[in-house]
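Shared between the two complexes below is subunit A, which has subunit B as its partner in the first and subunit C in the second.
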Partner chain A sequence: MRTGLALLCAVLALASLALGPVDLAALWARDPELARNLFIELRLPRTGLALLIGAGLGASGAAAQALFRNPLASPDVLGPSSGAALGAVLAGYFLGAGVIGMAIGGLAGAGLSLLLLLALAGRGAGATRLVLAGVAVSMLLGVAINLALSLAPSPFALYDLMFWLMGSLNDRSLPQLALAAPLILIGIVLLLRAAPALDTLALGEEVAQSLGVGLSAVQARVVLAIALATGAGVAVAGSIGFIGLIVPHLVRPFVRHRPGAAIAPSALAGAALLSAADIAVRLLPAALDLRLGVLTALIGAPFFLCLIMGRR
Partner chain B sequence: MLEAIDLARPPMLAPTSLTLHPGQLTGVIGPNGAGKTTLLKALAGLSRGPGTVRLDGHPFLPHPQRLAWLPASRDAVWPIPAAALVQLGLGPAAAPDPAAVSAALSACDAMALAHRPVAQLSTGERARVLLARAIVGRPAWLLLDEPIANLDPGHRLDVMALLASETARGAGVVLALHDLDLARRCDRLLLIVSGAVIADGPPHMVLDTDQLGRVFGVQHGPDGWVRCSRFDH
Partner chain C sequence: MLAFASMTTGAVSAATPARVVSLNLCTDEYLLLTARPGQIASISRLGADEQESPLARQARGLATNSGQLSEVIEQRPDLVLTMGHDPQGVALAARLRIRLIALPYPTSPAAVVAQVQQVAALVGNTPAGTTFAARVAALTASAPKAQPGLMIGGSGLAPAMDGLAAGWLRLAGIAQQQGGQISLERLLVQPPPILIRNVYRRGQLSGPQAWSQHPALRQLRVTQVEADGRAFLCGGAAMPAEIARLRKALAT
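After this line comes the complex of A and B, so read on.
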């Protein structure tokens, strides 16, 4: 399955590179320099970010569900995505709406929300206390985002930030890719290395401990990795919901429902899904101006509903 | 040799010192809430508190081949096929060992369930699969919290025979149980009341006294076990 998903990612990446308002091949004939710049400065970062952010969200979702032993968990419940959004909004106010400034603010916000989460949950907290602390942090940060928006210095700033929060990969640049890529990749690698321990956690926390899993160490590592992988994504692209929630469910039947083994294919499937959604956003009529985060939520929310109905 | 030295988990377990021997089937009996699970979990190194546990003279460190813990809960979150679940009992990142998995499933009469998702099994079937998970790594110690609680009479006898065969290969088996008839098959019984071990010895010494009437409020009559007041004796 991994090979198939990797192939799918490659095809979607090529499509994403080829697709855009300007026909690059035609432009190449007229102005090779401009075509090259367009490709490197716009198409490449957009494609790379779609793949990386999707992979980070997919892997984080699978890891969150494995860690909390709950198929309805998603990386958002821990708070780093909200922290990143708040940090980016505040940076937008105080440093001007420069994209790099907002990205750095977002990273700082994700990091601070992680510290807040760990302080609230306390040392050696069980999964239940961790998820409760995460929900509390997310709600607090959500309210803070709303407060920040309502204190917007001007209607234009409010409008810009609202749109930014909806999540998009429009006009992202190479520096943004360079900022987010290493952090997301480190997060994904940490999650992949935690996969065997997360598989064992399917037997329950006590049994996993009796089999030699260092529970607090695994929890700390996984929470840090989720904060890196999702926080860095939100910091450059805004909030993109539901990918982390739904992708693990699509993938798990193919790995015999082992929650840790689902992390690697979830990363690939997340990359494919977000790339496909980003291509779909570009193919839709421009007048519709449907944001990427809105589209993933439009797909994700009904799926979430089906999931709950199926469990009734 | 599994030694507990002044092991205590207030308020559930009073300071207890015990030496458990490999090759023995040790039963832990006692009323609900007496502290059987607390004692087993403390022995398995799964709770923190006063006292120490030593395994063959060394401080205890968890490892799949050293000690297996089977909790009383039969919950299963993920619909993992039984065989894949049993494989997890070999430890994180252990190489797949289909032969060991099959042997463990067969020993628990669960071979027919190998490909069924555990979340869809009945509680008793799941109990057998989870027991297979506990024995698959052939650990030196098996600490089992009510392994026969959800089983039908035939499978209860099977599991007691299986545990006896585990002791025959040299494993030390400690199990909490409520079936006083099957408790007779143990080599040694610990009777726990209000967090303290009040009797420790071969089954006939622990069971054939009026102690049981005082502790459980039951006595053995011509029609089997009957309820009696705890203060009749």
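After this line comes the complex of A and C, so read on.
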């Protein structure tokens, strides 16, 4: 399955590099230097960010569902996505921080939201309590974002914030890719290294502890990794929801429902899904101006409903 | 005609108002340009913010409001100015017998001139309106031959070709080529001869700010001039000075 997903990612990446408002092949024949600049400065960062952010969200979703042993756990439901958005908004707009400041704000917001979640749930909390605490944290952060919006310095700044929160990869730059890529990759690597421990945790906390897997250590590692993978993505692209929720469910049947084993294919499937969504946004009529985060939500919300209906 | 287009409520007094309040950034600018010292009871907080209005320095020491009529009632204004459709504010003003004038959004420099003259007459300072009209007339008479160009703001949003901003740009010698959302790719491949970058809140990072700092945009080898985004927010009383500044920048 991994090879198939990797091939799908490669095909979508090529499509993403080739598609855009300008015919790159025709431009190459006319002005190779301009075509090269356009390719490197615009197409490459957009494609790279779609793959990386999608991979980070997919892996984070799979790891969250494994850690909390709940199929509804994901960066959107538990709070790190909202935390990252709030952190980036506060850093960017109210502290006047630059691109790096927004990234730090995003990482801090995602990490703090997860720490708050663990603190609220308490030591040795069951999966249900953790998810309930996550929903509470997510709602709290949603309110805090609304407060930040209502305290925007001016109505025009408010529009900026609202559009940013809708998520987009439009016209992203190489410096933004260079900033987000290492952080997301470190997050994904940390999650992949935690996969065996998460598989063991699926057997139950007592069994896992008897096998030498400490819950606190796994929690700390996964929280840090999700903060890195989610926070860096949100800081560069805004809020992009539902990828982390959908993707683990799509891949889990292919890994015999082993939660840890779902992390790597979830990363690949997340990369493919976000790349496909970003291509779809570009193919839609320009007048629609549909934002990437809105499109992923349009796909994800019905999926979420189906998931709940299927479990009745 | 604009006098008829604007909504007026309350008891109309022919006397010069002693306490005038503005609830809107654009009427703040009209008021700052036309009112006499001591005549302004308060303006909106945006009008006193140097990041929002080029005329904010003139507002130093003035009281500010949050743009809500209910907040300024205790200031006992003789006249309240605002802009845009505000039926609730108009209805409240009518109930409280407060004279409120809601000006429509102007769509051309000529409409701005008419509104400045209207406000000048309302505050009993007709010469201020005449001076503004003369200044715009002089800019119109001396307008350079318009050459194609493109004003663009953060996120690639360009003002409409037949809108208020385009009308002012013509006085700076620029014919706005296109309006709406413009992708950075298209801008690179079909660059305008002159690019006017509408800069707003430079110090604060947002999506639009990140767009306007994109390395590809900086590499564009066309004449690039920065416009003061604060003046173009209203496209009103602060525009003659901005047009004069743009002309100088384009000439160098």
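Just so it is clear, the second predicted complex is superposed on the first by the 265 of 312 C-alpha atoms of A that agree within 3 Å, B and C clash if a C-alpha of one lies under 4 Å from a C-alpha of the other, contacts with A are read in each partner's own complex, and residues count from 1 in each chain.
Operating definition for what follows: contacts are C-beta pairs under 8 Å (C-beta built on N, C-alpha and C of every residue); 3 or more make two chains touch, one makes a residue touch a chain.
All values reported here derive from a predicted model rather than from experimental measurement.
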| item | value |
| --- | --- |
| Partner chain(s) touched by A:Gly101 [first = subunit B, second = subunit C, both, neither] | second |
| Partner chain(s) touched by A:Arg258 [first = subunit B, second = subunit C, both, neither] | first |
| Subunit A residues touched by each partner, larger count belonging to subunit B or subunit C | C |
| Touched partner set for A:Gly92, first subunit B, second subunit C, both or neither | second |
| A:Leu38 touches, of subunit B and subunit C: first, second, both or neither? | second |
| Which of subunit B and subunit C A:Asn146 touches, first, second, both or neither | neither |
| Interface residues of subunit A shared between complexes with subunit B and subunit C | none |
| Interfacial residue positions of subunit A with respect to subunit B in the complex | 69-71, 196-197, 199-200, 202-204, 206-213, 252, 256-259 |
| Subunit A contact footprint on subunit C (complex, rising order) | 46, 49, 51-52, 154-156, 181, 183-186, 188-189, 200-201, 203-211, 214-216, 219, 233 |
| Complex contacts: residues of subunit B adjacent to subunit A | 41, 44-46, 61-64, 67-71, 73, 75, 77-81, 84-85, 88-89, 91-93, 117, 133 |
| Interface residues, subunit A side, partner subunit C - complex | 20-22, 27, 34, 37-38, 41-42, 92-93, 96-99, 101-102, 153-154, 156-157, 160-161, 163-164, 168, 170-171, 173-176, 238, 286, 289 |
